[in-house]
Amino acid sequence: MLAPALAAAAILVLLPVLDTLWLSLHDVILYRPRSRPFIGLANYTRALTDPVFWESLGNSLVWVICAVSLQFTLGFATALLLNRSFAWRGIARALVVVPWALPSVIIGLIWTWMLDFNLGVLNNIGVMLGILPHSVPWLAQSSTAMGGVILAVVWQGFPFFAVTLLAGLQAIPGELYEAASIDGAGAWGKFRHITLPGLAGVIATALLLRMIWVANSLDLILVMTGGGPGTATQTLPLHAFLTAWSGGNYGQGSALAVLLTLLLLGVVVTYVWRSRAE
Amino acid sequence: MKRRTLLTGATATLAAAPLARPHAQKPVTIRWWYHFDDPKATPDELVAAFEKENPGIKVEAENIPWGGGGDYDNRLYTSIIANNGPDTAMVKFNNLARLIEMDALTPLDKWIDAWPGKSDITTDLWRLHTAPDGKRYYMPLQYVVLYLYVRLDLLAKQNLKVPTNFDEFLVAAKALTGGEQWGFGMRGGSGGHDSWMPFAFGTGAKPMKGGFVSPAALAQNRFFIDLHREHKVTPPSAPTDAFLQIVNNLKAGRVAMTVHHISTANTMVETFGDSITAVPVPRGPNGTGFATFGDGSTCVFSASKNPEAAWKWISWLSTGPNNVLYNKAAGQLTVTTSGAANWALHPKRFVDATVQSLPIAGVLPNLPQTADFTRVVWPQNTQKALLGQIQPDEMMQAFEKLFYG
Amino acid sequence: MRPIKRLLGTELPVVLILGFALLPWIWMMLSSIRPDAELTHSPIALWPQQLTLIHHIELLKRTSFAQNLRDSLIVACGAVTLGLTLALPAAYAFSRFRFRGRNWLRTQFLVINMFPVVMLILPLFVLMRDFGLLDTYFALIAGHATFTLPFAIWLLTSYVDGIPQELDQAAMIDGATRMQAMLLVVLPLAMPGVVAVGIYLFITSWNEYLFALMMTGRNVRTVTVALQLFIGENQIQWGLLMAGGTLVALPATILFLFAQRRLVGGLTGGAVKG
């Protein structure tokens, strides 16, 4: 039963990954296709001694932790609300997927525009309501640029949690809640002792998957700030991408990608190890 | 059985027409990649006209997303490396050195020298289209030169003339700044190097070895950064403002001057009528100046199996009336002198500002690092300098280091 | 539940969340039906002064957008079909069989997905060229399905885990084969999960850009690539972009409008509340 999935993954993903792994041990310059000498781990040592790597890693941590935790919190709340019964529930469930159903480039452009200093509607409304004393160049300041792109990615990503957790909520047998009610459990008690444990598997999986996705995603940042101002929003995958394609240093970019994968692997192995222990 | 019939048929045809060249009978197909700003414009008409004139050649035109330049380039490099590239494509100078180093380009010199349309393209343009090794790999197709947009009505209110040098520019920028309006729409975001070069190299420094850290360039770069940090004549969003923002800010009346080129002239006139004009970028005290040249070129790839056909197509595109037709779709200026004579697509004052800038037009060094400079190194360092994270001089040292080690 | 409590405790928060979810989309929709000149007016008016459908008309008449929507739909539906066909048996196996290296194998599926896709494009392009698949629907469908496969398998496994094993064992004692037990017993019960994963597959494929940029060309062109064509070197066709952006969100939303009924399947909906 596993064979088809394994074969597909092996051909289309594993081969290219191994290829990239091999390239990361060579001095591969995109525009020098004929010369690619083997240089061992030099790409890796160069990456690890470059301050930009560590800066990008720090940005990546902020990006992943903030984005995933906010997406999750909002998505979970949405799932719980949309699991209750009210007249227009069906339409509400459908409408909530709208942000998720948009391509990143559109999301990036629309949020850049809404956050714009001169013509942005958010600054406009903020000033009108008296929340902001004056327009703020959100994406042009180191202190607020990361917040701006995180806002956009939270908007894009919370419906994923809403949908997956909503589906997970269906698997919890209703009898459990009825029994708890008879035992006199309150809403909070039911949530803690029935909903959370019943959803634990789905929550853990969804968090893990989303973390990997967010850690690897760069299109939204690329559209909104290109990593700037300066390097304020440059994350690790963006650094790898720019090094490989814009800088033309494909070997170095591959090494950065491998390092990113190893870091994520650490998180996943911890997860699998812990889930086995349970 | 079937094969034999086919073979017999082929032999019969060959025998019947011994004088016909086999090439002339089989139309060749060339793949051409392009990118247009307006998705409603297509080159279909041009292709049809060309194919009618050249029955032996079919052109497969493919629209590739520009994606800030990165998407187009990545797609191009990927397909060249995978040996699946087009025969010819629209290309830009910032990739010239890399493509040469890849041996991906065919020199066009022997064709250009025998081409009747050669003299219809000015020597200034041919000068700019000559690679560092003295050969010509790129064919001029369209061009722009960056100039300065100025709101005449706002200047008149302050009793100021259109600035022609950097001192006057600063005076005007300061006078035009106040409240919700700024004198200069600075572009610190992606693509901003184009509008920075007229400042950095405006007083005689050259974008070549040592030029980035020459005293003139350093002083001018400090002047540029100070427009934002010291004089605050630019919107606070300047560090990440890209072309959409500077153009919209100008249209919205939030800034009074900005550096851009003729592709936006018509929308400016729609908004402001006669109150807006364009002039060559400010000059230095000795009449020196630097106007960034924005190219749009075509090339023939060395992997092409039909280089002659590809050359026919691109030289056809750069010929008088065809080039005019092409640039109507592209929204830029024709490279031919004959076509420019009756140019009606843009108001004359914007064409004049462009043409007057040609003698001082220049480009970045043609090095493999140039693409990285325009996309990453320039915005990163400039933004840091604009935010005060590094000194302006450090930014120039970073550029010199990138290009010349 | 009392109406007032439901209004304040449920409907009001839902309205707030939907407001957050929809306002940017509504803003985009509003800007697609106003003339371009209004968009560069400072300060920008919240409500359009003048309404126009010019952008939508141009989008559908003078660009290839309608065709691109069709291509995207084909690719996304293909990716869902292929993805679910491959993921469901795999998820069932991971959930039900205890074999050596099960955890290791399952982790491998994630490991290959941790690799940034941008670095896989070059080798994948060469691979697709070798198979002669460039610029075909299948190249994108296969590409998208394999990239979403690990996520789909993991998510489905955690949903299937929630269905008691006794049910399929009971079915097999009654004479059903493994396959029958999976398709007739587990699949209906796992329907909420299948719908969620299906939506995930659809949306991921629908929004994918990099693959579509690299692997397609004249024959196949998806909406994400088409939208990028509105962002030129010196001009952004803002009206077209907003009109396209407004439309592009609709298919997945409508799809989910119908599919969400299936979210109330499974154990509770059918067996207890029904």
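Chains: A, B and C, in written order; residue numbering restarts at 1 for each.
In this text, a residue touches a chain if its C-beta (ideal position, glycine included) is under 8 Å from a C-beta of that chain, and two chains touch if they have at least 3 such contacts.
Predicted, not measured: the structure shown is a model, and the values here were computed from it.
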Remotest chain, subunit A as reference, centres from CA atoms: B
Chain pair with the higher count of C-beta pairs in contact (A-C, B-C): A-C
Inter-chain centre distance, subunit B versus subunit C - centres from mean C-alpha coordinates, in Å: 38
Computed distance of Cα centres, subunit C from subunit A, in Å: 16
For subunit C, residues that touch 2 or more chains besides their own: 39-40, 42, 122, 228, 231, 236
Touching two or more other chains - residues of subunit A: 118-119, 245
Of all residues in subunit B, the ones touching two or more other chains: 74, 81, 248, 252, 254
Residues on subunit C engaged by subunit B in the complex (per definition of touch): 37, 39-42, 58, 62-63, 121-122, 125-126, 129, 134, 213-214, 217-218, 225-226, 228-237, 240
Residue ranges of subunit B in contact with subunit A within the complex: 70, 73-74, 77, 81, 98-99, 101-102, 188-190, 235-241, 245, 248-249, 252, 254, 368, 371-372, 375-376, 379-380, 383-384, 386-387, 389
Residues of subunit C defined as touching subunit A within the complex: 1, 6, 10-11, 13-14, 17-18, 20-22, 24-25, 27-28, 39-40, 42-44, 46, 85-87, 89-90, 92-94, 103, 105-107, 109-120, 122-124, 127, 142-143, 145-147, 149-151, 153-155, 157-159, 161-163, 192-193, 195-196, 199-200, 203, 206-207, 209-210, 223-224, 227-228, 231, 236, 241, 244-245, 248-254, 256-257, 260-261, 263-269, 272-273
Touching residues (chain side subunit A, partner subunit B) in the complex: 30-33, 116-119, 135, 137, 139-142, 145, 225-231, 242, 245-248
Residues of subunit B defined as touching subunit C within the complex: 35-40, 60, 62-63, 65-69, 71, 74-75, 78-79, 81-84, 144, 180, 243-244, 248, 251-254, 261, 263-264, 270-271, 331-332
